[in-house]
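In the two assemblies presented below, subunit A is common to both, partnered first by subunit B and then by subunit C.
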Partner chain A sequence: MRRYAYAVPYWLWIALFVIAPIILIVYYSFFDIEGRFSLVNYETFFTPVYLRMTVNSFWYAFLITACSLLIAYPTAYLLTKTKHKQLWLLLIILPTWVNLLLKAYAFLGLFGTYGAVNALLEAIGIGTKQLLFTDFSFVFVSVYIFIPFMILPIFNALEKLNHSLIDAARDLGASEWTTFRRVIFPLTLDGVKAGCQAVFIPSLSLFMLTRLIAGNRVITLGTAVEQHFLVTQNWGMGATIAVFLMIAMAGIMAITGNKKWGVRQ
Partner chain B sequence: MRKLLSLFLLVWLITFSLLYVVRIIESSEGYRGGNTLTIYNWGDYIDPALIKKFEKETGLKVIYQTFDSNEAMMTKISQGGTTFDVAVPSEYAISKMKEEGLLLPIDHSKLPNLRYIDQRFLNLPFDPGNEYSIPYFWGTVGIVYNRALLGGKEITSWNDLWDPSFKNQILLVDGAREIIGMALNSLHYSLNDTNKAHLQQAKQKLDKLTPNVKAIVGDEIKMLLANEEAAIGVVWSGDAAEIMWENERLDYVIPKEGTNLWFDNMVIPKTAKNIEGAHQFINFMLDPKNAAQNAEYVGYSTPNKKALDYLPKDIVEDERFYPSEQLADKLEVYENLGKSMLAYYNELFLQFKMHRK
Partner chain C sequence: MKVARLYLAFVFFVLYMPIFYLIYYSFNSGGTMHHFESFTLDWYKDVFDDTRLLVIVLHTVIVALLSSSLATIIGVLGAIAIYYAKHRWKQTLLTLNNILIVSPDVIIGASFLILFTIAGIQLGFTSVLLSHIAFSIPIVVLMVLPKLQEMSPTLIDAARDLGANEWNVLTKVVLPYVTPGIFAGFFMALTYSLDDFAVTFFVTGNGFSTLSVEIYSRARQGISLSVNALSTLLFLFTLLLVVVYYIITQRTSAKGGQK
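Moving on, here comes the complex of A and B:
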């Protein structure tokens, strides 16, 4: 009985802040802008505008995740080899303590026509380039913001890795590359999956950066949700997009999720 | 279980004692029920010296809170739990708030200074008879441009923006009505047009502007233009004044096809606790000297005719901010087009944003 009592706050939390909002979102998605019950929002979602937006969102989220992974894996690998692991780790986590908006504003200054990056490009003879409001800067800043969430799970997986397995592989004559491909990477796959989830899912619904860094040249589903709730006040359409985002996220969780879960517990 | 309970109790105790301390601090500073006035305004939209002066004259304590969009302000007022005595929404928000019963009528007999307001700015379609609102500032939507960066080229009309030599040079403000309105104006349609064929035409015209558009941004537009990140910006006149203050190479123009005329107005929300004080404050702000001081500080155009006498000549004679009657005839106030029409405007704007170069 007592054990259940301790679970009460948890269940209350889940019911109030997870289940209730989801039910509300699904409920709102069935109302049109005049507050009448209808399926018009779902029809609108399947028009070319929103389908293209969905494809765009997935494409950018994929780019952001792929770039993060490409940088994060070697970084995490090197981290496990360094002397002051905790210090390095702290340095990587540190930027996540700074508010996202502040970081975005900092990049407005850095990437500007007269910003530090362009001053450097000018100095080494490449010349001033338009950095702000391009696809490049959008992906770059997003990767910068999300990369700690990719490094950490991979780092943890690498740390947990049993070293004798690597030694065994080398003793049996595997080259370094083969050892990585056949032993290290498969054994840290769970960390990679967790990292991909932590990056892909939030980048699917990014919205502030699309305006600040991409100058509204990149429109994702998140941007549309924000606009429908705050500007148009078409809560129904905003909720409908949110429903599809949730379905997409659940799908991603299912694909990348750890299938051994049920067995272990 | 007992541990859990005592933890709960502790949190409650701390919360309430903190609330109590806040009350003590507030009352020691003179904030008592009945003698405070809560003002809900846009950020940096009043001369703080005027608040001090008002407190001195009336003995009321002013609590000044700010918002950054009409929508956020309306949501906060309609949800209740707030005690805003005076708010300053834009005109289209006023017709919405009126419909939703969020406003209290204003007693004109308590506002002797109302006679100083220019007749042009009274009795407008969004609030006939000024039953619920008193104009605070007004302005236009226009083009800020950097003469030096454009090599001395002049911009006088909306249609100038489509000049192919302005490739990647234009920053647009992130507002559906402003940008669709700009396209409608450039086609010589009304910016309250609800004819879907005209709106489609406007959207197609906007798509052709895409190569010239560098970005569609929010408040950052001021910083970006002042830093010469782009040579041209479509902005509100008030923002323009602020940008030109920071960078003198910039100039503002009201396009000759006509544009939007907007108002920010003082209203008394239904949440008001100090209605008497709210009237006192509105009357105080209508005083010509105070209005002039405020206009000089904020940089927007005052609707107070008498206040113009107290303002420096170069401000009053500046046709960019106090346009001639001839141009003023071409300015239009946004009408409340209704939710579904507004959604249509926003949908077109979203499609324009998604149109790639």
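Moving on, here comes the complex of A and C:
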């Protein structure tokens, strides 16, 4: 045991910042707004208001993940074909280093009534549209923000792919599409899963974008947690929603698997 | 092939457009983000005249540097502990380690808020710093651990055979070998800290603010071009960080030989 003494700060971190917070969230979910022990929060959660919010959150998270995947996979695939691919990959990652808030803020200008996108729509004859504070802008900006996190694991999976397998499929007479469907895609599934995990979970709980871009039109579970903790001060209800978010998260982790982090077998 | 080029070009265009849009309008004397009147540097002057903002920038940088340094130290020790742990513990430890990485920010923020309130820690600098250290540790572990696993155990055996004690093994063999991982972890922690909004927003209290929180409250009030000017400066700073990071990793991997 003495050998592990150097890692005491790390054990403390696990106890205080990993285990304790989970217990505290669960504990608080059993208290109503007056601080009495009750199950009222769970009752409230199963009313139509919160159930609809949950369904909505999942629907938006699903949309965001699906759109990201549809755009990211071809991008990652084409990136592996370029010369200087590491440089291009770096350029994909670079925007993630720009503060999230600034990117959201940029879209306030771009999507504004007189913004660049509307000017473009006007020029091609479609005319000015209300872009900001719509579901479209919410999904678009979310995809914009998350897409590098989808491209990166898929790119890595494609890079690891053994090229002779593709050649073998070709030699055996598979068409390009068959090669992709039967060889390339299944072999990069781990990357796809990792990407989906990296996009789906954060998009379930976005709250800053719903306020800035969607103008409170979209209320996700994340927005509700923030609302209860920081505005209405109903910590019990906020904790209850957080409990369900954690359950959802664990479920997603179980489905997509976390081999990515794992120790090598 | 042409379609492929076009597709990639389009993705890159969309990826960079908002950033350059912000930068472009930071030079607009018109005060809006849609009609460019004439070139001005007034908004930059505004940023540098705004003492409150400069103090916030300073706070953000201090929190980022302190939290990523401390997180790196704790994370490296943690990675070594996981590396030496028995096999059946390894998986449990890794799962615990990764909880904070996959947790949504709001949950981390909310649970830390409860934790600090119960522990009686005043919301402000301390709570923000502690939270940043907390969510950076697992990233450092994930950056260092693969390097440790890559290392051949015979290196340690050889060092022991040649009479090295535990401390020597750690400082002369293990740490030099995993240095690229440590740097990568440190930089990741730094960017996580600089970029974090949601967790900080929960635990920041009234008196203390970081850049992200400040930008959020300014953006909620609408468009102000000094935010654009600030974002240009931040973008340049980020670029500088990336270049430094790139040079360091290139150099360390070059020193490492084959890789």
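Note that the second predicted complex is superposed on the first by the 248 of 265 C-alpha atoms of A that agree within 3 Å, B and C clash if a C-alpha of one lies under 4 Å from a C-alpha of the other, contacts with A are read in each partner's own complex, and residues count from 1 in each chain.
Everything below uses one rule, namely that contacts are C-beta pairs under 8 Å (C-beta built on N, C-alpha and C of every residue); 3 or more make two chains touch, one makes a residue touch a chain.
These numbers were taken from a predicted model, which means no experiment stands behind them.
Visitor: Between subunit B and subunit C, whom does A:217 touch in the aligned arrangement: first, second, both, or neither?
Guide: Only subunit B; A:217 stays clear of subunit C.
Visitor: Between subunit B and subunit C, pick out the one touching the greater number of residues of subunit A.
Guide: In the superposed model, C touches more residues of subunit A.
Visitor: By the touch definition at the top of the document, which applies to A:103: first (subunit B), second (subunit C), both, or neither?
Guide: After superposing on A, A:103 lies in contact with subunit C but is clear of subunit B.
Visitor: For A:6, is the partner it touches subunit B (first), subunit C (second), both, or none of the two (neither)?
Guide: both
Visitor: A:177 in the overlay: touching subunit B, subunit C, both, or neither? Say first, second, both or neither.
Guide: So A:177 meets neither subunit B nor subunit C here.
Visitor: So, does A:112 touch the first partner subunit B, the second partner subunit C, both, or neither?
Guide: A:112 sits against subunit B and subunit C alike.
Visitor: Go through the superposed model and pick first if A:37 touches only subunit B, second if only subunit C, both, or neither.
Guide: neither
Visitor: Counting only touches as set out at the top, which of subunit B and subunit C does A:132 meet: first, second, both, neither?
Guide: Touch status of A:132: first partner only.
Visitor: Who does A:232 touch here: subunit B (first), subunit C (second), both, or neither?
Guide: first
Visitor: Taking the contacts subunit A makes with subunit B in one complex and with subunit C in the other, which residues are shared?
Guide: Touching subunit B in the first complex and subunit C in the second, residues 6, 9, 105, 108, 112, 114, 211-212, 230 of subunit A appear in both lists.
Visitor: Quick check: in the complex, which residue numbers of subunit A touch subunit B?
Guide: 2, 5-6, 9, 33-34, 49, 52-53, 56, 105, 108, 112-114, 130, 132-133, 211-212, 214-217, 219, 224, 227, 230-234, 237
Visitor: What does subunit A use to touch subunit C in their complex?
Guide: Those residues of subunit A that touch subunit C are 3-4, 6-7, 9-11, 13-14, 16-22, 24-25, 28, 71, 74-75, 78-79, 81-82, 88, 90-92, 94-95, 97-110, 112, 114-116, 119, 144, 147-148, 197, 201-202, 204-205, 207-208, 211-212, 222, 225-226, 229-230, 235, 238-239, 242, 245-246, 249, 253, 258, 261-264.
Visitor: List the residues on subunit C that touch subunit A in their complex, please.
Guide: 4, 7-8, 11-12, 14-19, 21-22, 25, 32-35, 73-75, 77-78, 80-81, 84, 87, 90-91, 93-100, 102-115, 118, 134, 137, 142, 149, 166, 191, 194-195, 197-198, 201-202, 211-212, 215-216, 219-220, 222-223, 227, 231, 234-235, 238-239, 241-242, 246
Visitor: Which residues of subunit B touch subunit A in the complex?
Guide: 1, 4, 69, 71-72, 168, 171, 174, 176, 214-218, 220, 223-224, 227-229, 339-340, 342-343, 346-347, 350-351, 353-354, 356
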